[in-house]
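In what comes next, subunit A is part of two complexes: it sits with subunit B in the first one and with subunit C in the second one.
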Partner chain A sequence: MGALSLGRLAYLALVVAIFAFVIAPLLMIVWVSFFAEKILSFPPTGYTLSWYARASEMADFANGFLMSVKVGLCATLASLALGVPAALAIERFPFPGRETIRQTLLSPMYVPAIVAGAAVYIYFIELEILTNFQLAATFTGLVIAHTLVALPWTLRLVCASLVSANTISEEAARSLGANALQTFFYVTLPIIRPGMIAAAMFSFIASFSDLEKSLFLVGPGKTTLPIAILNYLEWSLDPTIAAVATVQIFIIGAALIVSDRFVKLGKVF
Partner chain B sequence: MAGVTLSNIRKTYGTLAAVDDVSIEILDGELLALLGPSGCGKTTTLRMIAGFVAPTAGTVRFGGRDVTRVPVHKRNVGMVFQGYALFPHLTVAKNVEFGLKVRGWDKAKIAARVTEMLHWVQMEALAERSPRALSGGQQQRVALARAMAHEPEVLLLDEPFSALDAKLRGQMRTEIRELQRQAGITSVFVTHDQEEAMAIADRIGVMNHGRLEQLGSAEDLYKRPVSRFVAGFIGKCNFIEGHVTGPGRFETANGQALQFSGEHSIGPAALCFRPEHGVLTPLATPGNSLPVTVKAVTYLGPVTEYDLVSEAGNRLLVSASSSGEGAPKEGDKLSVAWSIGDAFVVD
Partner chain C sequence: MREGRNWGGSALVVPALFLVAAFLLAPLALILRYSFDKYDPVKLMLGIFSPGNYVQAVADPFYQNVLSTTAYIAALSTVIVMLLAFPVAYYISRVESQRLRGWLIILTMLPLLLGNAVRSAAWMIVMGTKGVANAVMLGVGLIEEPIKILYTPTAVVIALVSVLLPFAIITLQSVMDAIPTSLEEAGQSLGHSPLRTVFEVVLPLAMPGVVAAAAISFALAMNAYATPVLIGGPTMKMMGPAVYDQIAKANNWPFGSTLACILMVVTLVLTVLSTRFLSRKYF
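And now, the complex of A and B:
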């Protein structure tokens, strides 16, 4: 009993330590956002909410926030429209090359985002030279790039929910007289709906927090929030940025909590 | 209602034959069990009847109708799956109604049929429950009601009792058998449990390595197995290696002459008898006994099992009613005898 509780204690201590390691920087940012000084100094002489007020007044942040939300929503919808049929094909129809397709669709996750961003930019430019059709520095171009960011998440989460909702329910539906469409809409879709909601949340988060892929692709006046933050950081370092980041952290945190209600995230990874 | 006829059906995956030239005539209203070890092809056969697997060769007929190329959802079968496969997002009543809804029955007819089916399996009180909130036995009843609601021609059951604990299994077995008889529906069920098959099936098809080894009543299979596999799979069996030397005559590997009933061609074979047909006796009789040494005695309550070894090294098993006085003990040198009518020969 003694050995057991000692082991358990060590385990708990390790969990707490890892948790602290991950969470400390975030807490630090939240804390700094309330510091009274303009130049960061430690310990703070007082606390204020004025950085939040200032951040909300700055057009770059407000516009960046709106832009990020718009791009995020479009990319999420696009990644669902592509990812759900892809996941169904990969998990439900054994055809040669499906592993290759799966890995290709997941690959934006493995390629360094800055490299992928540059590649997408070059591709857009080449395309423009060939066809005169402009994608670089447009909203559409940005949505395409963000769809690439979001797609691996959608594919992974929807595949996971298709695997756990094994084919037996679908077979049961077919044995009861349902055709392929009825089976999909009455059985498969309701069963994977939680996975799709989680996929949407994750896609949105991935898009909302993306910096590197967007760097080359944003146009003047069409900046996303992470890029607005970066631009601001180039010239100043005051708690405004911490206030903006805090808002971002809470939005993402809320999205994660909502996702977890639909799909136990621990089961997906 | 209709019978099901399988004619020379085969299913090959690459070079492997999962089901190899199986022909079975399942009679109208009959409950047939497909019995065999895992990988014997019984589930593939069931799935070919259902339409989930297309046969490589051969035909499947329901009554006179050739359904070999008819897709699952147009075959009009009812199926109870291993683990039941109830739709987790639908209530009990909605599960039962599913097959009627997709078939476009009208609302009033659906409601009446669902009530009737739930009454049939005594689940009316739990109609609005989620399947998750049901016990294994209840889930099975719902699965049966769902499978039978659309009045299928054939009922298929894939290992229907494997998810239940031993006690409930016995009870559900009787219950399902009862319900199947009431409905009078042609049924096929797949199991690896010989006791289960013997308990509820009208006839049993024993499968091994994709082939149908023998088809018959439980009694046929037990008393007159046609192969060593069937003899060993249905009940326990003693095998004495040797060869057939003439009509009803057998010689063991070490040259002892024995006799058997039935027919067998001359050549290498095994003489068999069931453990309960063996008797331990101090007297050796020619033609139907072997000298043995008692290796172990296992007391099982009403019966006691004796592990024996013959002079030729054959391991034999005899079971006898437990008797207190004078029962054989470990190390005793005795003879095991059987009546010639109980001895048969397999390849």
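And now, the complex of A and C:
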């Protein structure tokens, strides 16, 4: 038994070490955001909150943050508007070829982001030459690209909650004379609401943290937060960028914990 | 339900399908076509159809180097990721408390969802010349003066491993969840050590998950953009940054499209491979 628990202890230590490897850099960046001095040195000479104020005063970060929030909200709404009906069609109205359709709708998740970003950029420019309608480097263009990022998440999570909910109450409503719309709004919607909330959260997170798809599509004055971070990091590394990163860590962490309240992530994955 | 209603209901899929067709499939078809065109400094494109770019991508020593560096870094990262992901995934799938399991999943997912900009920033703070790693090693007297970690291939592999780990852990863990614990109990009741049980019972049964997780990891590593750019620095040449440079900086759409299509095809093959082995839940 002694040898066994020793082995068990070593195993636990290994698992903790691997988690630490992934999480520690994130804790470090949060720590650095409070360092008093601009030039990094460990341990720090003192602590300050002033980098957060400085970051919020920098136009790139302030505008990038607002842009990411706006694009994220629009992409989330669009992906729900398109994804919930699509999930309903796939799970409730079996039609031939629906597995192919499902895979097609999930494909934005499998196409490499850098490839999709490049392709959409070239496509937008060609569309503009043909129709004189500009999409590259516009808000609309970013929202379209981000809706594609978000759609697979919405589809997966809403499909999952439709599959786990049985259809008996829906059938009961229909046999009692409710029409398709009434059944959806009074019966199906309340059942899948947690799935939809999780879908909205994940859609927002996927959009908010996206870097590769936006890379080609941002323009002067229309930069998202991750792109602003990328541009800054190519030149300097200081507590200001750590403060910006910390804000993003807390926003996404909060969104993740909120979604866990509605859909137990331990059961979904 | 009547047949007509079924068709009415299935029409709900059309708007989403339109979005994917118009803004993903059509653009991909467009770059596939452009990948066979030829760049011209004046006209940008000649409108011809030739495999010239593909020949250049594999024959030009510079791009040979880009391809082999990408393949090497992706393969090395994948091997390390699999070695690290297996014990963690097994732990998560066998942990008894549902609460702890939920928190471990959140802890696994958080870095994945933060995006590559923030994760790269974090690794730069750890691996920089004035970073945490150097400060600690100097502090304990392991090294005399700061060593260069950032902007080396090693740094890229370390950062990529942390990027890929969540994907590999989630994929493996979902496969291990489906393996009944009774099989391990049987192994142990035959007197095998826990370690031997894992190797002889769990590993063979989890093999589809291992293949799938490795394929996904390799595909993601190969397509990485932010990690090679920020952690590898300007001398680190991988496929993702090369696609961006050709299309956005050099305006060479045909050759950039060729590089993108090569990435796309390899990714597609790996994805099909992984789905053949596994009915995926989320990744």
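Convention: the second predicted complex is superposed on the first by the 248 of 269 C-alpha atoms of A that agree within 3 Å, B and C clash if a C-alpha of one lies under 4 Å from a C-alpha of the other, contacts with A are read in each partner's own complex, and residues count from 1 in each chain.
Keep this in mind: contacts are C-beta pairs under 8 Å (C-beta built on N, C-alpha and C of every residue); 3 or more make two chains touch, one makes a residue touch a chain.
Worth saying up front: this structure is predicted, and the values here are computed from it rather than measured.
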When subunit B and subunit C are modelled together on subunit A, clash or fit: fit
Touched partner set for A:V187, first subunit B, second subunit C, both or neither: first
Which of subunit B and subunit C A:S209 touches, first, second, both or neither: second
Which superposed partner A:A172 touches (first subunit B, second subunit C, both, neither): first
Partner chain(s) touched by A:V69 [first = subunit B, second = subunit C, both, neither]: neither
A:A137 touches, of subunit B and subunit C: first, second, both or neither? neither
More subunit A residues in contact - subunit B or subunit C: C
Closest Cα approach, subunit C to subunit B, once both complexes are overlaid on chain A (Å): 6
Intersection of the subunit A residues that touch subunit B with those that touch subunit C: none
Residues on subunit A engaged by subunit B in the complex (per definition of touch): 168-169, 171-179, 182, 186-187, 190-191
Subunit C - residues contacting subunit A, complex: 5-7, 9-13, 15-17, 19-21, 23-28, 30-31, 34, 84, 87-88, 91, 98, 101-102, 104-111, 113-126, 128, 130-132, 135-136, 139, 162, 165-166, 170, 173-174, 193-195, 219, 222-223, 225-226, 229-230, 240, 243-244, 247-248, 253, 256-257, 260-261, 263-264, 267-268, 271, 281-283
Sites on subunit B touched by subunit A in the complex: 50, 52, 71-74, 76-79, 81-83, 85-89, 98-99, 102-103, 146-147, 150, 156
Of subunit A, residues touching subunit C in the complex: 4, 7-8, 11-12, 14-15, 18-19, 21-26, 28-29, 32, 39-43, 81-83, 85-86, 88-90, 92-95, 98, 101, 104-105, 107-116, 118-123, 126, 144-145, 147-148, 151, 155-156, 180, 205-206, 208-212, 215-216, 225-227, 229-230, 233-234, 237, 241-242, 245, 248-249, 252-253, 256-257, 260, 264-266, 268-269
